[in-house]
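The two complexes that follow have subunit A in common; it is paired with subunit B in the first and with subunit C in the second.
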Partner chain A sequence: MRHWWWKVLCVLLLVYTAVVGLQTPLGPGLVHVDPARVDTGLVEIQLTGYATHFASCTSGNHVWFEKAGIAVCQPDIKAISDNTILVKVSPVHSTSPGMWSIVVDNATDGPLRLADAVYINSDGIAMTAAPCGMMTDNSSPSSFGPQFPNRSILNETIRNLFFHVPMWFSMIVLMGIAFVYSIMHLRSGSLDHDLAASIAVNVSLLFGALGIITGSIWARATWGGWWTSDTKLNGSALTLLMYLAYVILRGSVPDAHKRGRLAAVYNIFAFMLMLVFIMVLPRLTDSLHPGNGGNPAFSQYDLDDSLRAVFYPACAGWILLGIWAYNLRLRYGRLNALLDENESH
Partner chain B sequence: MRPAEISSLLALELRLDMRQRHALGGLLLYVVSAVYVCYLAVQKLVDVPVWNALFWIILLFAAFNALSRSFMREDGGRQLYLYTLVDPRSVILARTLYNALVMVVLSFLSLGFYILFLGGDALAKAEVGQFLLVTLLGGVGFAAVLTLISALAARAGNGLGLMAILGFPVVLPMLLTLMRASRNAIDGLPWEMNDKYVLWLLAIDALTVALAWLLYPYLWRD
Partner chain C sequence: MRTKVTSLLILVMLLALPASSFAQEAAPAWLEETMFASGKINTVLIVVSVVLLGLGGWMFAMDMKLRNLERRLKK
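This part shows the complex of A and B:
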């Protein structure tokens, strides 16, 4: 139990990540509005929620439209089911055409907001600010146990946070290990250090590939494309190219000591330039990716406590798994090296 | 590592290249052919982003072609001879300097041919001084990044192929910064918009030269 406690910890953390990360229900949220444009006359629009309780909430719903600090109540509403609600947009006075946000409020779900949900062309309808019964944040939502926040666009895919993001952390940690061993190899000339560096690179490539795959699936679900020309995506692709080049460089030098030196030199050079790239690139272009170009980063306000409670253990778990895989591969590599040595004698 | 050593190594490089002028001529011909192929493909280019991107791509390939030569002529005997005479750090610094020189000349020649064939309409609104500065930094930057890679590829005994594989990913931060800076210069943006890119370029140059200086002695031993 003394020296393998961290493997137990790794398994526990990953089981926790998988179970809690996939089982925790998503909080209520508005996902869809149809039609999303209101031109003339009395129009009925349908709001679709997810994990909401429109019909079963006994105290009733309140719906209002918001724009630039103005709130316009919509009294004529009908909850069809727990997830759908019909709103007759009443003729009200409006100052200018534009995008309005929609808020649905009830005692069970709390106020749910869909930002810039509907375009109202005020040429056709005049909006008058009708008095609304309860427009303040009246209700503390009575949620049952922990819930993940229901962000628009992300919705259920928010769980990928515990799988996609830690892949990159694991990859960077392993690349850091490879970098340190490369420096040690140049100083010592020991083939064991070279072996450690090359194995760390191999395992980090695995995590990089997993990061690309999970990211690609996530991008398809949220942005609508398997690959977008995005700084973070290009950065990660480039990092993988660098390290694949490292593997090819190793393959093309037969002599072990020379291979070790050349590979170590390239690894140090590439790692430093990768750091530069990570610093430079976000400053050159905007990005769809959280944390860039005006997009909210998860750490700013998206990452609430329920996510944090899984995200941090997930990161620790995946990093430990990376180190574990690296450890196994290294021991296997050392045994192979020993075997070669014995055969040659 | 003494300045005298570096300058005599520089003189040696220059003399060797003067003795083999066909190599330098080959570089020039490569650039001219590349520009001419682009000319045949697109005739006249007015679109600024494409003009800019094509120019840097031509220059990038010219740089790979020019710099892959840098360590190729080192056979075992000469390597050993140099090894007994000078500090390896002088060698890499002299090579980087010489390559930077070659690349700057090559960059401006390419720019000349490029404008001659594909038209300079894209430069109509440009801050010419800024654009020339970025071109100069581009030449120096490619030399700084790729000299060590060229040494690596040569030592691995696998010429241009390995050089391209190893070089492309590491040269990309530089290339993207260059493209953005030259794009800004072509669009005629004021210097305040562009100075940070120039600083980044200088920082990357300094970092890569420092890394080459640190790492080359390990490549040099056999």
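This part shows the complex of A and C:
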């Protein structure tokens, strides 16, 4: 029991992550506007929601457009289904052209906002600057149990938070283990410390590779490309290449003691650079990742409580899995080294 | 030897990643449809599958290593 309680904990945490992370329903949200550009004349705009209750809510819907602090009510609306609503934009007087945000509001879903949803050209189309009469009756949207927030672009992929982000945390923890063993090797000269460091790097690369592949898939579905020139993406790619260089460098030196010292020194520099590439540089510039260009991604704006309830156990579970994999691989490595030693005697 | 081959594969894959961003317009429609359907839930399923496949692949590699070790021990 003493030796494997944390392995049981790891499995339980990952089961919890999979079940709650995939099964918790997504909250309502606006996902699509058609057409996204309005030029002239009376135009019917179709709004598409996800997990919404436009038709079945008892309160009826309010729709208003917002721009620069002006709220313009749209009285001519028709809910076709729970996920579709039609809005007739009525020309009244001229406004300035630009992007308008759209808000749909009912008592069941609460106010749903799609920022910069529609471009309205000034000529012909205009709207009275009158806010909807009943914007206050929806202060407490009725929700059933915990829901994940339905953010624009992200939608269901917000669940990837539990499967993509912890890969990097696992990788960083394993690289940290390698860093500690490298320092220990320089102090002791023990070949076992060098072995432990190299195996930690080995397993960390598995998690790094999984992180970069899952990130690429996620980016395609949200940012629109398999790869973007975001600082965090390039930083993590550089990190992986740097650690691959560690593997190649270590493999290219035949003498065991020389190999250990060289690899340890390289690894200490690599770890420092990894911290700069992944933790420091993305925060100094703008990044598509949340929480960069300033503070870590744990602020209340980035992480909802419903997400935290899964995200933290998920991180613990995946980190434990990484350590477990490292543990297995290290035991194999030690047995192999023992066998080498016996054969050479 | 095996680790070197794996490393090289990852390297090639990493180098190919930025190149694929130029080809994003040519992404096949079925992939698009699959990934974006139903509030993009399939993207989550693909991500979870990739993680499981990756870990499964690692398990296989570990299995091979242990088999080689057993063979050496028997000698």
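One rule holds for everything that comes next: the second predicted complex is superposed on the first by the 319 of 345 C-alpha atoms of A that agree within 3 Å, B and C clash if a C-alpha of one lies under 4 Å from a C-alpha of the other, contacts with A are read in each partner's own complex, and residues count from 1 in each chain.
FYI, a contact is a pair of C-beta atoms (placed from the backbone, for glycine too) under 8 Å apart; a residue touches a chain by one contact, two chains touch by 3 or more.
A quick note: this is a predicted structure, and the numbers were derived from the prediction, not measured.
Shared-chain residue A:164: touches subunit C; no touch with subunit B. By the touch criterion stated above, A:55 is placed in contact with neither subunit B nor subunit C. By the touch criterion defined above, A:183 lies against neither subunit B nor subunit C after alignment on the C-alpha atoms of chain A. Residue contacts after overlaying the shared chain place A:202 against subunit C, while subunit B stays out of touching range.
Within the superposed three-chain model, A:217 lies in touch with subunit C and out of touch with subunit B [touch as defined at top]. Once the two complexes are laid over each other on the shared chain, residue contacts for A:241 go to subunit B and to subunit C alike.
The wider contact with subunit A, measured as residues touched, comes from C rather than the other of subunit B and subunit C. Taken together, the two complexes place residues 241, 248 of subunit A in contact with subunit B and also with subunit C. For subunit B in complex with subunit A, the residues that touch the partner chain are 145, 148-149, 152, 155-158, 162, 165-166, 168-170, 172-173, 176-177, 180, 196, 200, 203-204, 207-208, 211-212, 215, 218-219, 221-222. Contacts from subunit A toward subunit C in the complex involve residues 18, 22, 26, 31, 50-51, 150, 154-157, 159-160, 163-164, 167, 202, 205-206, 209-210, 212-214, 216-218, 220-222, 224-229, 237, 240-241, 244, 247-248, 251, 321, 325, 328-329, 332, 335-336, 339. By the touch rule above, subunit A contacts subunit B in their complex via residues 186, 238-239, 241-242, 245, 248-249, 252-253, 258, 261-262, 264-266, 268-270, 272-273, 276-277, 280-281, 283-284. Contact residues of subunit C toward subunit A in the complex are 3-4, 7, 10-11, 13-14, 17-18, 20-21, 24, 27, 35-36, 38-41, 43-44, 46-48, 50-51, 54-55, 58, 62, 65-66, 69, 72-73.
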